[in-house]
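I have placed the structure first, in the form of C-alpha cells, so that the comments after it can refer back to it.
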Amino acid sequence: MKLTDDEKRLLDGSEGKLKQKAMEFIVKYAQVLGAEELCQVTKATLFCGAHPYLEVFKSEDIDLIISEMCFCSSEKVILDKMACYCQSCVSPMDPEKWAHLGVSEEEYQKNQEFLRRYLAAGVHLTGTCAPYLVGFIPLMGEHFVTSESSVVLILNSLWGACGNGDGIEAGFCAAVCGRTPLWGNHIMSNRKGTHVFKIESRSASVMDWGLLGYTIGRKLPCHAIPVIDGNFSRPDLHKIKACYAAMAETGGPEMCHIVGITPEAMTLDQACGGKPPRDVMPITEEDLDESLADVSAGGRGEIDFISLGCPHYSIEEIRLVADFLDGKRISSQVELQVWTVYGIKAIADLCGYTEKIRRAGGVLLTSSCPVTHGKIPQGARGMAFDSAKQAHSIAPITSAPVYFGSAEDCLKSALSGKWEGR
Amino acid sequence: MKLTDDEKRLLDGSEGKLKQKAMEFIVKYAQVLGAEELCQVTKATLFCGAHPYLEVFKSEDIDLIISEMCFCSSEKVILDKMACYCQSCVSPMDPEKWAHLGVSEEEYQKNQEFLRRYLAAGVHLTGTCAPYLVGFIPLMGEHFVTSESSVVLILNSLWGACGNGDGIEAGFCAAVCGRTPLWGNHIMSNRKGTHVFKIESRSASVMDWGLLGYTIGRKLPCHAIPVIDGNFSRPDLHKIKACYAAMAETGGPEMCHIVGITPEAMTLDQACGGKPPRDVMPITEEDLDESLADVSAGGRGEIDFISLGCPHYSIEEIRLVADFLDGKRISSQVELQVWTVYGIKAIADLCGYTEKIRRAGGVLLTSSCPVTHGKIPQGARGMAFDSAKQAHSIAPITSAPVYFGSAEDCLKSALSGKWEGR
Amino acid sequence: MTRIILQGRGAIKGIAEGRALVCPETIMGWNGIDAKTGLIIEKGHPLEGACIKGAVLILPGSKGSNGWSMHFHAVKIAQVAPAAMVFTKLDSKAAVASVVLDIPVVTDLEEDPFAFIKTGNWVKVDGNEGIVEITER
Amino acid sequence: MTRIILQGRGAIKGIAEGRALVCPETIMGWNGIDAKTGLIIEKGHPLEGACIKGAVLILPGSKGSNGWSMHFHAVKIAQVAPAAMVFTKLDSKAAVASVVLDIPVVTDLEEDPFAFIKTGNWVKVDGNEGIVEITER
C-alpha cells in the first residue's frame, strides 16, 4: 500500500497513540478492500452519545468504552482532537426535553458525559441525521464520512461529494486521522449507474417519493447503483430525502442518480458512464401500492403515537405542520412528536411554529428520533409515521400496527386518534 | 409572450390583487429582457425588515410601504401569502441583542412590525445572507430568487440551481406569483464561461480566496462569466463563500465556474461550453497584493471595531474564533462582533462557543451585519474585517482606516488593539 | 450641431430627453447613488458629484449587489430619478431597475453607445421605436 | 463426504472453521442480529432464530444502515461472534465489519459461493491463502 510521509508518521505513532490506532484501523480497512492508497477526509458526521449498542461493553470508564467501540482499541486511548470538520449525528435523546421522552436523569447525565467528550475534541453537537440542514456542505469531489446511510446517498448523489457507507468505527477513525481508503465512491469512475428504474408511477408528493425509494431499495441487488429515469415530476430536497432514506433502509445503495437532477446524471448515458445498464426495471403504480401494503398496516385502527421528521424536518416542513395544527387540538390519546435539528428548532421558536405545535398538543423535539432513542410507548394501539424508513425500522420492535402515510394523513390522524391515511 | 393558463389567471386578477400586481411586474420584467416565457420559482430569500432604504417613502402605513417598495404598486395591496418556500435575508438588527448595536426601542418595534408581516405571509425569519447554512438547498435546475448577490453565485455555481441577480422588487414579486422570466441563468445553455482566470497565485487560505474573488471581480468586464482554472488548491465552502462574496462586490458575475469543483465545470472545456473563451487572464501574486492594498489600509494603526462573519459564519468558523479566544481577553478599546445565522447561533450556544466568545469580550450576533445595520461606531480609529466584501462596502461610509485580513489577523488585533495583519 | 441616431431595442416604452451622463464602468447601487439627492457618491467614479435627476444615463449594465434596483427605486420615490436610460446590454439587475423606474429605456444598440455619446450631449430616448438620438452641442 | 475448495482473496488473515449459515439476501445490522445472544432476529429472514456464534457466515455483502459494523462489534464484545465470514464481494460496510470482528474473511471467490455452500455444511476459511474449504456431511 502506498502511504504518504504524513500517513507514515500517523501510523508510526509520531502523532500520538490515538491517531496511530485510528490509522492502523484505516490501513487495515484499506487492505481488506484491496485499496492501494488513502484519501483525505475533510468532513464527518459521527454517531455520538450514550447509544444502547454501547451497553454490551461493561465498563464505567468512558474512555475505555470510546477506545474499544469507536477505535477498536482494547488499550485506552484519549480522544483529544479530531482532524477535520465534525458534527454529531443523532443521540438517544433531546438535549432539553429528555424527561418528556421518559429518559431518566441518570441516562441523561451519561449521554451528556459522552457528548462532552466529543465536544471537547472538536465535534459540533448538531445532533442530526440531516446535517446538510445546518451547513454540512461538502463540495463535488470532497471526501466525507458519515454515520447516517441517507446522508451517504444525498451527499454523493446530489452534490457529487464522495463517501462510502463504511461504519461507525471507520467514521471515527477517519475523522481522527483525516484519512479513508481511496475506494468505492471516493473514485469518480466507480459511481456509474448499473440499474435503471423507469418511473411509470405517481411521483408528485413526498409520500410518493418515499414509496419510490422504498420500492427501488427492495428491487435492487447488492452492490448496484440505481438510476431514476422515466416519467417523474421534478423532486425537491424534501422528496429526495424521503426517497433516499427509504431506499437506504430497504437496500444498500450509496449513490443514486436521478436523470436531469443529480450532477453526474445530466443524461441517462452520463449516469451509466456510456455503458448499457445491467438491468432496466419499470416502477409502476402497483409496485408503489405493494410497497405501501408492505410498510403500512391498512384499515382505520386506533392511533396513539405519531412521529414526524425522519430524516429531521426542515424549517419549511415544520411550518406546514404548525400551519395545519394552528388553532386545532389533537386527540388526547395521541402523542405527537415532530423531530428536527437543534438549530432549526431555534428558528421555529423565533417564528412561533414551536408554540403553534405545542398549543395543539404536539411537541417539537431535536437531536434524536424514536428509532434512535427506542422509548416508544409500550402497549400502543397503533403508531403512524410519515417516513417509510421510520415505519420500516419501528415495525420489528413493536407489536402495535404501524402506519405510513403523508404528513397530512398523520396530522389528521393526530386529530381523530384513528388512522386517516390509505 | 407565451403565458400558461395559470399565469393568465394570475395576471387577470383571478388569484387576487396581490398576485396580479406581482405578475404584472414579472411580465413587464420579462418583456424588458426580451424573455419569451416564464419559469416556476420554488425558493426565495427576501430582503425583509425596516431597512434604511425604505425611509425615502414617507408613510406610517406599512402596507402602503410594502406595496410600493416591494411590488411597485402605488395602490395598496395586502401581502397575505407567498407562493413558494421563502426565507428572510438580513434585517437591520439582531432580534435579541439589538440594544447592544445602538438600535432604539422604536426602531426595533418598527423592524418587528415589518418582520411580522412577512412571517404571517409564510416567510421564515432566518435573517441570513448565508441561507444555505440553514437548509436553503435548491437542486440542479431548480429556479430560485434571492436578495443576496453572493447567494446567486453560490447556488448557481456550486449546485447548478438557477437564479439571476434580479433585484429586491423582482424577488418579492416572483415569490408571490411563483414565476420569473425564463432568461439568463435560468437557461442552462446561457451559463457557459467566457473569461478564464489561470490561478498562479497563492490559494491556500480563506483570505487568499477572498482576494482571488476580489481580484477576479475587478478584472471582469460586464456580462462575463468567469472560470477559475490553473493551479489552485481545492477550496471548501468557507473559501468559496469568501471568494464569491468578494467577487460579487467588485464585479457583477452571477455564475463562476471552478474547474473540477463546480458541477458544470468538470473540465475547462465543459465550463466554456466547448468554445474558446473570450479572454484568458493570469492571476498572480502581484494581483492579489494589489487587491490587498486596494481593500486594506497598511500599517499597524489602532483598531477599535472588528467584525467577523461576512457572509454569516458557519458553526465551524465560530468554533475557530471561540477556540482562539478561549481564556483570553480582548483589548478594552475593541468592539468585536461575530455574525452568524440565528439557528447556527443556537448550536453555538449549546456547544459553549457563544460563552467562550463572550467571556473574552466579544459578542456573537445574528440576522444582520455592520453593512446592513449601518450602526458602525462614529469616530472609530480603525476597523478590521476578515471579509473583503465587508471591508470594501464599509470603506466609503467611514472616515476610519479599514483593514482586511484573515480571521486570525483580526483576532490578534482584537487582543492588542492594533492591526496585526499585513 | 450634429445629430446622430442609434437604433436599438426599446425595453421600456415612452419618449424622454435630457443631458447625458456617460458611465462606461456603470454605477454601484449600494454606496453609488445618494437616494435623497440623486448625487453620484461612488468613490473614484468619474462622475462623482454629478446628479442623475433628469439626466439620461448611459450604462453598460449593472454591478455589485442585488439591491441595484432598490437604490433606483428610492431615487424615484425621492423624485430625483433620471429621465431615461440607455444600456449596451441588459442584465437582470438593470432590467429590474428599468421596470421599477418605468422611464424610457433602450438597449441592444447596433453600435457602441460609448463611441458616440459624451457626457453633456443632449440625448433623446425613444423607447417606442428603440431609437437614441444624440445632439452634440 | 465430499470436499470442495473455492479460491478467493483473503481479506482478513487467519484460519477458522464452523457450520455454515448461508444468507443469500444478507442480514440487516439494525434489527437483524441480537447483540447479546447472537441470534438472527430479522423478521422473515430464512435463518430467523439461528445463532451466529461460532458459525461461518456466507453473505453477498451488507445492507441497511451505516451501523452494520457496529452490530457485529457488539456481537464480538458479547462473545457471540461468528468464526469466519465469506463475502461474494466486499462493500465498505462489510469491510469495516470484517476489520472490527477481526476473524478470517475471504472474498472475491472465483465461483459463486451460494452455488456450493448450504447452511449446515462444515466450512473452513483460510484468510491467509484466500481458500474456502467445504465439507458436505
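Letters A, B, C and D mark the chains in the order given here, with residues in each chain numbered from 1 onward.
In this text, a residue touches a chain if its C-beta (ideal position, glycine included) is under 8 Å from a C-beta of that chain, and two chains touch if they have at least 3 such contacts.
Since we're looking at a predicted model, the values are computed, not measured.
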item	value
Centroid comparison with chain A (C-alpha atoms), farthest chain	C
Euclidean distance of C-alpha centroids - chain A vs chain D, Å	26
Approximate Å spacing (C-alpha centroids) for the pair chain A, chain C	53
Gap in Å, rounded to a whole number, between the CA centres of chain D and chain C	75
Contact pairs between chains, per stated definition	A-B, A-D, B-C
Interfacial residue positions of chain D with respect to chain A in the complex	9, 11-12, 26, 30-31, 35-36, 41-43, 60-71, 73-74, 77-78, 88-93, 95-100, 102, 105
Residues of chain A defined as touching chain B within the complex	42, 85, 87, 95, 119, 122, 124-126, 132-135, 137-142, 158-160, 234-237, 240, 260-264, 314-316, 319, 341-347, 350-352
Residues of chain B that touch chain C when the two form their complex	25, 28-29, 31-34, 47, 53, 56-57, 68-69, 72, 146-149, 152, 164-171, 183-184, 222-223, 248-249, 251-252, 254, 393, 395-397
